[in-house]
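Below are two complexes that have subunit A in common, paired first with subunit B and then with subunit C.
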Partner chain A sequence: MDLVVIIILQVIAAVASLALVSVGLAVIFGMMRVINLAHGEFIMLGGYAVIYATRWGVNLWVAMLLVAPLFVGVVGIVVERTVIRFLYGRMIDTMLATWGLSLLLIGAATMIFGNTTTGVSAPLGSVTIGQYQTSLYELVLVVIVVAVLGGLMAILRLTKAGLIARATMQNPAMAASLGISTNTVYMVTFGAGAALSGLAGALIAPLSGVLPTMGVAYVAKAFITVISGGSAIIAGTLSASMLLGSLNTLATFVATPVVGEITLLFAAIVLLRILPQGITGRFFRRAL
Partner chain B sequence: MDTKLDRRRILKAAAVGTAAAAGPWFIRDLHAADDIKIAGIHDASGGLDIYGRPMIDVLTLAVEEANAAGGLLGRQLTLINYDPQSNIQYYTQYATEAATKEKVAVVLAGITSASREAIRPVLKRFNTLYFYNTQYEGGVCDRNCFCTGSTPAQTVEKLIPYAMKKFNGKKIYVLAADYNYGQITSKWVKKFTQENGGTIVQTDFFPLDVTDFGPTIKKIQAAKPDIVVSVLVGGSHISFYRQWAATGMKKQIPMASTTFGVGNEHVVTNPEEHNGILAAYAYFQEVKSPANADYIKRYQKRFGEKAAPLTELAMMTYHGFNLWAAAVKKAGTVDRMKVIEALEGNMSFTGPGGKTTIDPATHHAVLDVYLAEAQNRQFKVLESFSQQKPADTAAVCDLKKNPNENQQYVIDVKV
Partner chain C sequence: MLEVTGLKSGYGRIPILMGIGLSVKPGEFVGVFGHNGMGKTTLMRTLAGHIKSTAGKVTLAGQDVSLAAPHQRARLGLGLVPQGREIFGGLSVLENLRMGAIRSTQPATIIAAVLEDFPRLKPILERAGGVLSGGEQQLLALARCLCGEPKIVLLDEPTEGIQPSIVDEIGDTLLRLRQSRGLTVVLVEQSIEFIGRLSDRVLVIQKGAFIREVAHQGIAALADEFVGMEA
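This part shows the complex of A and B:
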């Protein structure tokens, strides 16, 4: 019985962490159709923001929830102003540009921070469930992810800014003719996507450690999740994370971590064969 | 001003250019004829730099000290350090360059077993002497290659019974890196566990880029072992020690490791995450001996107080260099075969890590092994075992009988 509870908790934690590393990309790729290959490096920058902020005496939670997203958000806006804004509608070109950016950021991080794994210890200690123990931080992480997705949903659904953003993504010409500065909307949306990636990097830093090349491990998973999810950014990310995350974790439990990874990739291939438009191309079509 | 370019001008410029280019080459050749060149190929960047950088520093210092003491055979040494950036492809490229272009007398190189197996055939083909100074899984049998690091029969054999006795446990759960080092070492762990009356509950393998150990930690809890043994390698796997402590398991199940500390894991993790982890190597920086204290003083003077802590990998690089230097002195030449023969004459060097002697039959080292416990970012040496023989490689390799052998045996561990 305890084992069932602990496996369920582990699955939920895996789903949450997959959704967390994907949501920033979902905004940038899903909403703006910019193939952001520097997504992993935004995550990495979020991780380093936490490491350095805590070294300079900032409270760990403040560093994770405020400093990292703000810092990476600003980086995102700078990137959008200097590179991405010239490339809207040119998907292949954005891919090339962001790939270059990714290499640049890895190189710069290696020069500045050194090519060594650094990390902070996970806060909060552990909880006991029957005969098992699990890290309380992992559970808090789930709560934060739920809050982030809920918050994003609320912003897009309920606020005027969200409405403007959705309208601009759907039909930029019409939005512009109605007096909306699409330029600003793109900038803010890209910045928000980057900030979410930064938040993801900050929150996984205590679990995985931070390394200039750490983004590589996440960028593929994030793309697989977002593409499997389909066009609806929140419902898509969430449903794809649930499916892929739980398969990965269960396979890891039954067999080995290698089999877990294979299962995830295999499931994504099968999924895209059956549902080429992603999960939300067929189900939850009116969802956000 | 006349900016016209005619044929005569171009020819003149070209002639001057050629002469200028030839000048430095000429001087360099003169210089090179006098020096003994040696090469180091260790990762100064990329995921393996945690292992590589102290090795490079130690080798650099060793050559500087040798030169300050008058060099070898009255000639100065020139060290060429290559950085293969944790990329196997660069290893072969630089090994070829060192052997063919620079024609070095010896190459000290390689961290992972994969990198060693990439360059060993290259150096053999170009008849260039090779020293591999890393602890590894054992089994290399090649007359051109000397392995000065410790192997499982020297370290794991001491570590496992000690851990079983100290933690009073018989059930062991093994976590290992998923490549030849992890696969083979975990077999040795199993062998020594069974020989001491214990059982292996389970062995899990992890690719080098895995950072999420959550499901595994739950599996360990379900299996309820008495001891966890870690054969994990590299920067990503450090997250296991963090996650293990974060779940509170560290207080419940003790741990021993064949790899913890060689990458200075005990410096980047917190004391709550590493206190009490047992490890066994041919060297710890905390080894108490006058030779070691003196060496650390010199090392820190050269590279600063904050220099990366010394590991077995770094120290055996120092021993490896000195064994080669001693053999060159004895042979009176840097000629490869004569140096090999000198090394095979039970060449021995006593340094900060104790006494290291080349075993002529295996080209591995008889060395002193230390068992220690991680405590507050340092190791506390608990026991030392003098002059351990490379019994694992000796079981499969006899270069005295078969001097032309050239392979790595996968030692058939009877489990």
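This part shows the complex of A and C:
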């Protein structure tokens, strides 16, 4: 019984973790149709922001929840203003540019921070369930991810900014004809997506450590999740994370982590073969 | 209200508008009539700022907007009801109207006032824009535009693909709005009957230039000349 509870908690944590590393990409791709291949490096920057902020005396939670998202959000806005905005509507060019940016950021991080793993200790200790223990921080992470997705949903559904973002996503030319500066919307959206990636990196840093090349480990999973989820940003990310994260974790428990990764990839291939538009292309069509 | 001189534009290297001149007074309803491919929609898209002009000048309420972006023109009072309606299909009817009133400090008041002129939209406020009929979408596109309280409305082929009973309703609504709000409109149309019912004068466009101006009384005679052209 204890083992079942632990496995369920691990599955929930894995789903939350997958949703967390994917949501920034989902915002940028879902709303702007920009394939950001530097997404993993935004995650990496979030991780380093936490490490250096805590070294400079900032409280760990403040560093994770405020400093890292703000820092990476500003980086995202600078990238959008200097690179991305010249490439809207040119998907291949955008991919090449963000790939180049990804290599640049990895190289710069390696030069500045060195090619070694650094990290911060996970706060909060562990909880005991029967003869098993699990990290309390991982459970808090689940709550934070639920709050982030819920907050994002509330912003998109209930606020004026969310309405503008949804309208611009659907028809930028018409939104402009109603007085909306689509340039500003794109800039803010890219910055928000980058900030969410930074938040992901910050929250993952205590669990996985931070390395200049760490983004590579997350970018593929994030892309698979976003594409499998379909056009709806939140419902798509959540549904794909639930499916792929659960299968990954269960296969890892039954066999090995490598089998878990293979199961995730295989499930995504089968899913996209059956539902080429992703989960929300068939289900939850009006969901956000 | 709107002054256009020597306006030229096109798509890439293909010129479409060959030097358009147009003057619209406040409260005036000006029709633009022509065959397919003569530059009617290009004119509207250029006036709205979606196609960059290559020459000429556009003045809106005394301000030169020749180089202004679409959102800047909208903020100066240029309203657009585009061809194909361009409803935000994933947003509800009410959200579409809220988008129209997005720059207003009193959006609820404005939307309530606009809905009085569009009673057909009242029972379907929560329905998604994308599932409405063509006629309902056209009424919504017009209502959304009016929520922005424009000084002038560019109305691009509002009868295209709409069933006749709704075309009549759109015509009635526009006439009523003209009287109640003093609406200033540039209307592009292929239906002589519709354009004749509404317009003070009609400009005939051919190969990207106005070749003739016809006063309201002479519009009916255009029907004989352009027989078989009605959409």
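One rule holds for everything that comes next: the second predicted complex is superposed on the first by the 288 of 288 C-alpha atoms of A that agree within 3 Å, B and C clash if a C-alpha of one lies under 4 Å from a C-alpha of the other, contacts with A are read in each partner's own complex, and residues count from 1 in each chain.
Note that a contact is a pair of C-beta atoms (placed from the backbone, for glycine too) under 8 Å apart; a residue touches a chain by one contact, two chains touch by 3 or more.
Treat the numbers as computed from the prediction; the structure is a model and nothing was measured.
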Problem set entry | Touched partner set for A:163, first subunit B, second subunit C, both or neither | second
Exercise. Can A:208 be said to touch subunit B (first), subunit C (second), both, or neither?
Worked result: first
For this session: Could you tell me if A:57 is touching subunit B, subunit C, both of them or neither one (first, second, both, neither)?
Result: neither
For this session: In the overlay, work out which of subunit B or subunit C sits against more residues of subunit A.
Result: B
Problem set entry | subunit B versus subunit C as contact partner of A:116, first or second or both or neither | first
For this session: Using the superposition on chain A described above, determine whether A:252 touches subunit B (first), subunit C (second), both, or neither.
Result: first
For this session: May I ask you to decide whether A:89 touches subunit B, subunit C, both, or neither, giving the answer as first, second, both or neither?
Result: neither
Exercise. First (subunit B), second (subunit C), both or neither: which does A:182 touch?
Worked result: second
Exercise. Both subunit B and subunit C contact which residues of subunit A?
Worked result: none
Problem set entry | Complex contacts: residues of subunit A adjacent to subunit B | 3, 6-7, 10, 13-14, 17, 110, 115-119, 121-122, 125-126, 128, 131-135, 137-138, 206-209, 211, 213-214, 216-217, 249, 252-253, 256-258, 260-261
Seminar exercise, completed: In the complex, subunit A touches subunit C at residues 160, 163-164, 166-167, 170-171, 173-182, 286
For this session: Would you mind writing out the residues of subunit C in touch with subunit A in their complex?
Result: 48-50, 69-71, 74-75, 79-80, 82, 86, 88-91, 95, 98-100, 102-103, 128, 144, 148
For this session: Under the touch definition given earlier, write down the residues of subunit B that touch subunit A in their complex.
Result: 45-47, 49-50, 178, 204-207, 209-212, 214-216, 218-219, 221-222, 235-236, 238-239, 242-243, 245-249, 252, 268-270, 272-273
